[in-house]
Structures are given as C-alpha cells and as structure tokens.
Amino acid sequence: MGKKTAMDIEVRFGDCDPAGIVFFPRYHRWMDAASLNFFMSCGVKPWHELELVNGIVGTPLLEIHTKFYKTATYGETIEVHTTVEAWMAKTFRHRHVVRRGDTVLCEGTELRAFCQRDAADPERIRAIPVPEDIQALCQ
Amino acid sequence: MGKKTAMDIEVRFGDCDPAGIVFFPRYHRWMDAASLNFFMSCGVKPWHELELVNGIVGTPLLEIHTKFYKTATYGETIEVHTTVEAWMAKTFRHRHVVRRGDTVLCEGTELRAFCQRDAADPERIRAIPVPEDIQALCQ
Amino acid sequence: MGKKTAMDIEVRFGDCDPAGIVFFPRYHRWMDAASLNFFMSCGVKPWHELELVNGIVGTPLLEIHTKFYKTATYGETIEVHTTVEAWMAKTFRHRHVVRRGDTVLCEGTELRAFCQRDAADPERIRAIPVPEDIQALCQ
Amino acid sequence: MGKKTAMDIEVRFGDCDPAGIVFFPRYHRWMDAASLNFFMSCGVKPWHELELVNGIVGTPLLEIHTKFYKTATYGETIEVHTTVEAWMAKTFRHRHVVRRGDTVLCEGTELRAFCQRDAADPERIRAIPVPEDIQALCQ
C-alpha cells in the first residue's frame, strides 16, 4: 500500500494575498515540505545529512499538476495528506491532498527524482535511480 | 493571434534552495507576476484599481501544470514569455515559457478565472464571466 | 507582567538558502506570524474577522531591529517566544526570541501600530490608538 | 566615498498582504538582493562562483534595523539605493534606502560578515576578515 503522512499547516497572514486568500505558490511550498516530511517520517534523513553519506542533495521537481477547488485564509488550520502513488526507475510520483477538515482545498501530483551533485562539476546536479534502501523504507 | 509579453527576472540568492538552484514555487510566483504583467501590458489596470471600478479582485488560479527541464541559479537573468492560449466562458488559459536565452527552463499552463468579492459576504470571492472589455484589450 | 506565547516552527528545505541555512527574511515572517499568534492566543480575532467588526486590518510594522547569533537548517524545530514589552499611545513594542532548545538563534524587537482602512480612501490605511479592549486581553 | 547602486523593483501582487500593501519581509528580501547586486556591480562574482575560488558562500546577516515610513502596493516601481557605510575588521555595514520616486518608503541598516564553509565541518559556516580584494573593488 505504501505509507501515508499528514502534515498540519497553520495558515498565516503572510501566506495570503490582497484578495485575502492563500497565494497559490504557498500550497506548493507546503507540498514540498510535505514531501520531505513524508521521507523523514519514513526514517530517511534530511538531505543535508544524506549528502554527507551518499551525495543526495534532494528530490527536485520534474513536473507538478495542481487543481484548486476552495480557498483558505489565515487563522485556519489545514492538512497536507501525502503518499507516493508510483515508483518508477528514475522517478516517483507524489500525491498531495490539502484539506480543511472534510473540505478538499486542492490536490497536487508531483513527479520527482533523487539527485546527486555532479562529481565533475559540483555546480550541477543529476538524477539517479531511486535508491532501493529509501524506497524500501517508504513501503 | 493574441498578445505576447516577455518579463525579465533577475534570479536572486534568496530564490535558491540548499541545492543551489531556484526553488520551484518561485517559478509559480514569477508566472503569477507574468500574468498580471500581461494584463497590465494590454492596458488593464492592476486589481486594486479595478476593484474600485468593477469589483474584480484578481484572477485566482483554478489549475496549474508545469514541467521543469533545466535548473537556474542566482546571478542569471531569465525571461517569462506569456500568452493566453484560450478564452472560455468563465475561464482562460495562460501559457508561460520560462527561458534563459535559448534554453527553456520550464513551461506552465494555468487555468484562471476573473473573480469579484461577493456582495453578500465580502470574505468570499466568486468567479464571473470573462469581462468582454478585458478580453478585447488582450487580442 | 503581560502574556507570553511560544510558537513552534518546523524549519523546511524551502526556508533555507544556498548556504544551507535559514534565509533571514524567513525569521521575520515567523516573527510576524508569532505576533498574530500572540494576539489570537490572547483572544483577539484574526484581522479578517476583526475588520468586519471595527475596521482593523492588522498591525503594520513601523520598525524592526533583529540580531542574529546562530544559524538553523531544515529538519530542525525552533520556537518563537513573544511578548509585548511596552504599550504606548498609538504603538506597541513586541519582543521575539527565537530558540532551538536552549540556544538563542536571533532576537527581534518590533514597533507596530493598529491600523484601519481609511474611510475616505479605502486604498489607504492609517494608525489608530491601541484599542483598550485588545490591550486588556493581552495583560 | 564608496560606490552606490540602485536596483529597480516591480512590486507584484504576490508581494502584498491582505491589507493590500507590501508584506514587510519582502523589503528585506529586496535589501538582500540589493546587497548582492551591489557587490556584483562592483565586479565581485556571485557566491556560487566565488565558493569555487576562495570558499566564500555569502555574507550572512548579523544584524538588521529597518524603519518603515510609507506603504507600497503592486503595479508600482520602487528603487533600493545601497551603499557600504563602514568597513570593519570582520564585518561591514550596508545602508539601503527604498524609494518610490522622491518618497522614502523605508530605510535599513545591515551588519554582515563574509563567511566560508568550515573545512572540518562543511555543514558549518564561519566569518572571515573582509577580503581586501573585495573591499578594494567596492571603493
């Protein structure tokens, strides 16, 4: 089945725009945080510790697709529910459902890859096959 | 054909993450800015002026789909090229192509709707048909 | 003495810069959130509810002074400890101490004023005397 | 006398809060960008290039003090005027004045230090004396 995590978010004044609602890129910040929270909940170390062990600097995004249904504002608590829908050879697909109680606010699908810093050129990063030990922890 | 706009972005240190590359939600902030820049380039007033005239508070996002191909870092100048691909009854679809010179960094498609503050409940906003005068300015 | 509040912050990947440490404006976002959290903990409503009652749209900042002692990174939990140090006629002074366990990361002092939307020109906001009922709730 | 730089900022919808004005931490992001812009205008390379040469990862902030006088909103163009007020042994002091035309919006003073990644523990950074070649470029 795969693990599921839920992460609470307290929506803040500074998350909202002049229309008084959450500015949409904030949801993507929260999905990004929920992705790392998912891995850390599964026992994976944060990237800055992992980089010292195996050179992995993170899981950059290759593609994201989000649908927005309802708005939220500050003073509300919302939740990001996160799973890995599919593990592929070099990528994996996250699903994030953001809710306020029973109301679904938005849903996002992310395609990500584990990346290492390039040994020859430390300014570049490149995708690697999904590490088996990490995948095993998440199932 | 429809108008096309290009907006320059100077990538800043604070736009980048610990992997040293632009943190992806920043691209969505830039696409959002490019959307308003598109309308203002077509002669539409910024929302805070428009709200006083016709109650429009902005064009909240209904859906976004972005593919990321190449990374960027601070000290670089990139461009967001923006069009309206389609005008529907109550929505419109933006296309944003983000480039560094000839290199396409990412491409995003946004579905948006013009919204007004609800007269009965000023804390709520609701979608309205695309205003004809605004659509005319953009073609 | 005055109330004291503490707000937990989970530091996220996207809060950190290419040096791998929290990008300093994030601390000011957290202090801003800690300020509203302080008032809400004292029983004051969030501004979007208060605006409907008495026109208060928030407590814009007049001055901030922050000293940074230690860095933090993602995967860590930190706390913002908040008080009101002084209530003046039209302003008040917050003190925020940000800690990771016993380690003080930074300390900030904020001068703020309660503001209302200007009745004659709703695009402008202006400072008002500190509302007595709000001050009473916070002591 | 020392160099002076001016950096234009187009204020965006997403820079503004529910009161419709620029959310104050954005000014600090812009001051941070104006600091790097100052050094790059003086001929200093961006940190990610400098790190490969001399290990410098940036100029983390030690202290900031900002006074806010006037508000700004989206659709406006503002400027950040930046100087180095003083060079000390291990630190330097920036002054940023943010203006919209002749109107001063806010003024900030930053104390910063050049930092390198610690050789023994690459997760830590430490302050170094201000590099003479960099100081020479800025005068």
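Letters A, B, C and D mark the chains in the order given here, with residues in each chain numbered from 1 onward.
Please note the rule applied: a residue touches a chain if its C-beta (ideal position, glycine included) is under 8 Å from a C-beta of that chain, and two chains touch if they have at least 3 such contacts.
What you see is a predicted model; the values in this text were computed from it and never measured.
Asks: Turning subunit A onto subunit B with a C-alpha fit: angle in degrees, nearest 5?
Replies: It is a rotation of 180 degrees, to the nearest 5.
Asks: Is it true that over half of the residue numbers where subunit A touches subunit C are used by both copies, so same, or is it different?
Replies: The interface is built from the same residue numbers on each side, given that over half of them are used by both copies.
Asks: Across the interfaces B-C and C-D, which one involves more C-beta pairs in contact?
Replies: C-D
Asks: Counting only Cα atoms for the centres, state how far subunit C is from subunit D in Å.
Replies: 23
Asks: When the C-alpha atoms of subunit A and subunit C are each averaged to a single point, how far apart are the two points in Å?
Replies: 28
Asks: Centroid from C-alpha atoms only, then distance subunit B to subunit C, rounded to Å. What do you get?
Replies: Comparing mean C-alpha positions, subunit C is 30 Å from subunit B.
Asks: Counting only residues that touch at least two other chains, what does the list for subunit C look like?
Replies: 13-14, 17-20, 23, 25, 29, 32, 47-48, 58, 73-74, 123, in rising order.
Asks: Would you mind writing out the residues of subunit C in touch with subunit D in their complex?
Replies: Touching subunit D from subunit C are residues 17-21, 23-26, 28-29, 32, 47-48, 57-58, 60-68, 71, 73, 115, 123, 125.
Asks: In their complex, what parts of subunit C are in touch with subunit A?
Replies: So the residues of subunit C touching subunit A come out as 10, 12-14, 20, 29, 32-33, 36-37, 40, 45-49, 58, 73-75.
Asks: Spell out the residues on subunit C that touch subunit B in their complex, using ranges where they run on.
Replies: Going by the criterion above, the answer is residues 13-14, 16-20, 23, 25, 48, 52, 73-74, 122-123.
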